[in-house]
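Just so it is clear, A, B, C and D label the chains in written order, and each chain counts residues from 1 on its own.
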Amino acid sequence: MSPDDLVAAVIAIESGVAKKDLCDRLAVNVLPETLLKFMQRLHDDPQLAFDMLYTHTAVDYPVENRIELIYQLYSVKQRHYLMVATSVKRDKPEISSVSSIWRIAEWHEREVYDLFGVLYDGHPDLRRLFLDDDWKGFPLRKDYKDDFMLERPE
Amino acid sequence: MGVITEKLPIYIEPMPGGSMVLTSMDFMINWAHANSLWPLTFGTSCCAIEVMMAAGASNHDLARFGAEVARATPRQADLLVVAGTIVKRMAPILKTLYAQMGEPRYVIATGSCAISGGPFVFNSYTTIRGVDQLIPVDVYVPGCPPRPEAFFYGLLTLQRMIKEGETVRKPGIRRKPVMAALPEGITIADIQAELAALLDRNATVNVPQQCKERDLDEP
Amino acid sequence: MNYFLVLLFIGLTGAFVFGGLIASFLIAPHKPGKVKNSPYECGEKPMGSAWVQFNVGYYLFALLFLVFDVEAAFLYPWAVVLREVGVAGLMEAGVFILILLSALVYAWRKGVLEWV
Amino acid sequence: MSIRVTTLDEKIHEIPTNESPMASQEYFVNMGPQHPSTHGVLRLVLKMDGETVREILPVLGYIHRGIEKKGEHIGYRQFVHLTDRLDYLSALANNWAVSMVVEKAMNIELNDRIQTIRTIMAELQRIQSHQLWWGVFGMDLGAFTPFLYGFRDREKITTILEETIGARLTMNYIQPGGLMFDIQPDFAKKVKEFISYFKPKLEEYETLVSNNVIFEQRMKNVGILDAATAVSIGTTGPVLRASGVAHDLRKDEPYGVYGKVQFKVAVGSVGDSWDRYRVRIEEMRQSIQIVEQLIDNIPEGKTLVMKPAIKIKLPAGNYYSHIETARGIFGVFVVADGTDRPYRIHLRTPNFNNLWAVTVTAPGWRLADLVTILSSLDIVVPDIDR
């Protein structure tokens, strides 16, 4: 499947899907509410067959008050790659978990919760992955302050 | 490989059936401790490969110094080699392991992560900056990772440290042989004086003046 | 038959064993601590208690091993004096081994050796 | 909407410890951070019934240094040296991945010499990494000799690499825009000497471990990871290929000079520890073949096509590129905002996904088999925690 009709097929799935610009690979933006259904289609559709989730991470934009969630998908059968991005608000970061589709999502999502504070609905075992359970704050947020961390003297 | 010749403080007593070696108990115990340090397998990151495994393997043989028996439990180990970064979550575990080791226990902090936090000093919310905040450290081996030979030099320094100072009545009190590493005739005062002189003389680099001093013609 | 040598032998072994223990008790430093005495579990605080019901197979295996270890211990002195006791001694040892072999077959049939 | 945040202790109490058929109680035990066979500080909370593992709960974070947070405060060239400390057994491949992201973002054209040297170095490091894995794998299964054999041959490659790169472990050699140094004049001769030395030694590895019936029985049908689960868990590298999925970036997305080189992708069938073992041994042979094809005709040219400016500024945008390391796909995802420091840098590390294959394959096996499975997955823990 050539890239542009892959994007066309992907955009045709859901209403709020749009091509994401400024990316060196194929990427689409999705509305947070329709994410789970959209991902389920991507996984089940034999034409797309995105059966591997390379990685799931997040990017914090405090200025625009949103946390962007990045899903990087790959299809081992069709050998094509797609990046799906969606955004949640910073103060109420909740989104549905895709761990029912790909098992590895369960642990990537735990890492994103641990470092960004994004809550996943329907996640079987949501808890901190790297830090202690009683750790205050989410370190990878841009406004994370910590008296233990040394800033480099400029 | 040159045999390590040390002045052995022993006195040979000729006896009818042969001769008997008399020596002080401290020396015998320290000699036994020093030449059979059993390290605990405790490698957290990159230094573990270089300092624990490569040094213990066939090419740089740790067995030459009697320390190749790497024990897994702290009960049977008397040398804790901290090889790698210690983060906040690992700190209580390192303290528990150190506490659970038998009494004549020694610690070598290898790698700049164990000495001062290494490349993760700035902007890291978990890295402990230096293991000596957690446990008493005997020998520091700098490097990132230090070469196996550097680790051997640290081990030999620890062995000299054990043989020189420790006595059975006051376990755990050892003299650091840093002074012993100075060549004869050089004292700390000389070094400080030289450093002070160096600092103000070389505050600026004046190439033309140094070329004239060494009467090199101008480039 | 003077038994002095046997007494000397017992004395030497006793001295050797208890000498080592006493010397280490006198010389080695003793600093028991709360953390040092807690069971070692890879550095973590120990979880749960060790007093737990576990498989009965371990106990039976240990018993079988004990039986055959003792059997080997008995065969050593027999092997030393084999020449003097001649064929009669051989027959007795054969019966001794046969009895223990039947014990093994019985245990095998009962399924002790099957590991769950 | 059921969002419930739990803690580790709650999770442990939730797992039911039921009576097992032999009326023996199940109990929890720590295969904790300091353990000879976890290759680093990985803690596994095991629910055991006698000797059989019923459930595994990996606990991470014992070497989490926050490299991604640090990445937001240093430049791209400085970030290259941090990737050595992640998977320190394929440091060159990690450096290559970061350099590739920067080069693609600034679309820098590299000449053939740089690409060839990078490919040779990456393949030498793959052999070196598999040698260490083979040695430690033997030691985990109880045989100390493979450890000594593996390291004896590994030191030979370390010396060759050290002559050119100057470092034994943390290479920091492949930088954005080319290489730090040019290769030594007798580099090709030394590599050829090593290859002729190592080929019979590889046969020696086979006779020592592969044809040894004890090892075979300890590995055959132990920890089977079928293809569907392997893909769903996102495992990559030898672990995925052993399950029968031939996904190798060197063939699917050729980079460097992999397009111009003939080599086969080693693929297993069942996906047990034996297949993972065979795939890695076969990969060593393929890597030797690749190096042989490249070592004789390294093209001439400069080894640095970009002025080594400290300030590399990437145009704003999201960039992602990945590379096939000895353990799987190492991906670097950069969100750049035009300054000389990345706005956000995320590392897709192979060991993170390969580790979770243990939670799927090991329950039901005995503790000794768990060690075999864990060692056959070839985990490097700082790569997981970052």
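Following the convention adopted for this analysis, a contact is a pair of C-beta atoms (placed from the backbone, for glycine too) under 8 Å apart; a residue touches a chain by one contact, two chains touch by 3 or more.
Quantities reported herein were computed from a predicted structural model and do not represent experimental measurements.
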| item | value |
| --- | --- |
| Of all other chains, the one whose Cα centre sits farthest from chain C | A |
| Pair joined by more contacting C-beta pairs (A-B or A-D) | A-D |
| Inter-centroid spacing, chain B versus chain A (mean Cα positions, whole Å) | 47 |
| Chain centre separation (chain A, chain D; CA means) in Å | 24 |
| Euclidean distance of C-alpha centroids - chain A vs chain C, Å | 60 |
| Geometric centre distance via CA averages, chain D-chain B, whole Å | 32 |
| Overlap residues in chain C, where contacts from two or more other chains coincide | 43-44 |
| For chain A, residues that touch 2 or more chains besides their own | 131-132, 139, 152 |
| Sequence positions of chain B contacting 2 or more other chains | 89, 93, 97, 122-126 |
| Chain-level touch network, classified as line, ring, star, complete or other | other |
| Pairs of chains in contact (touch as defined earlier), listed by label | A-B, A-D, B-C, B-D, C-D |
| Interfacial residue positions of chain B with respect to chain A in the complex | 88-89, 121-126, 129 |
| Residue numbers on chain D that touch chain A, as the complex places them | 1-9, 11, 60-61, 64, 66, 68-69, 73, 104-105, 229, 231-234, 245, 247, 252, 316-322, 329, 331, 333, 335, 343-344, 346, 348, 352-353, 356, 360, 385 |
| For the chain A and chain B complex, residues of the former touching the latter | 131-132, 139, 144, 146, 148-152 |
| Residues on chain D engaged by chain C in the complex (per definition of touch) | 12, 21-25, 27-35, 43, 45, 50-52 |
| Touch list for chain A against partner chain D, complex | 20, 22-25, 27, 51-55, 57, 59-60, 70, 72, 76, 79, 83, 94, 102-104, 107, 113, 115, 119-123, 125-133, 139-140, 152 |
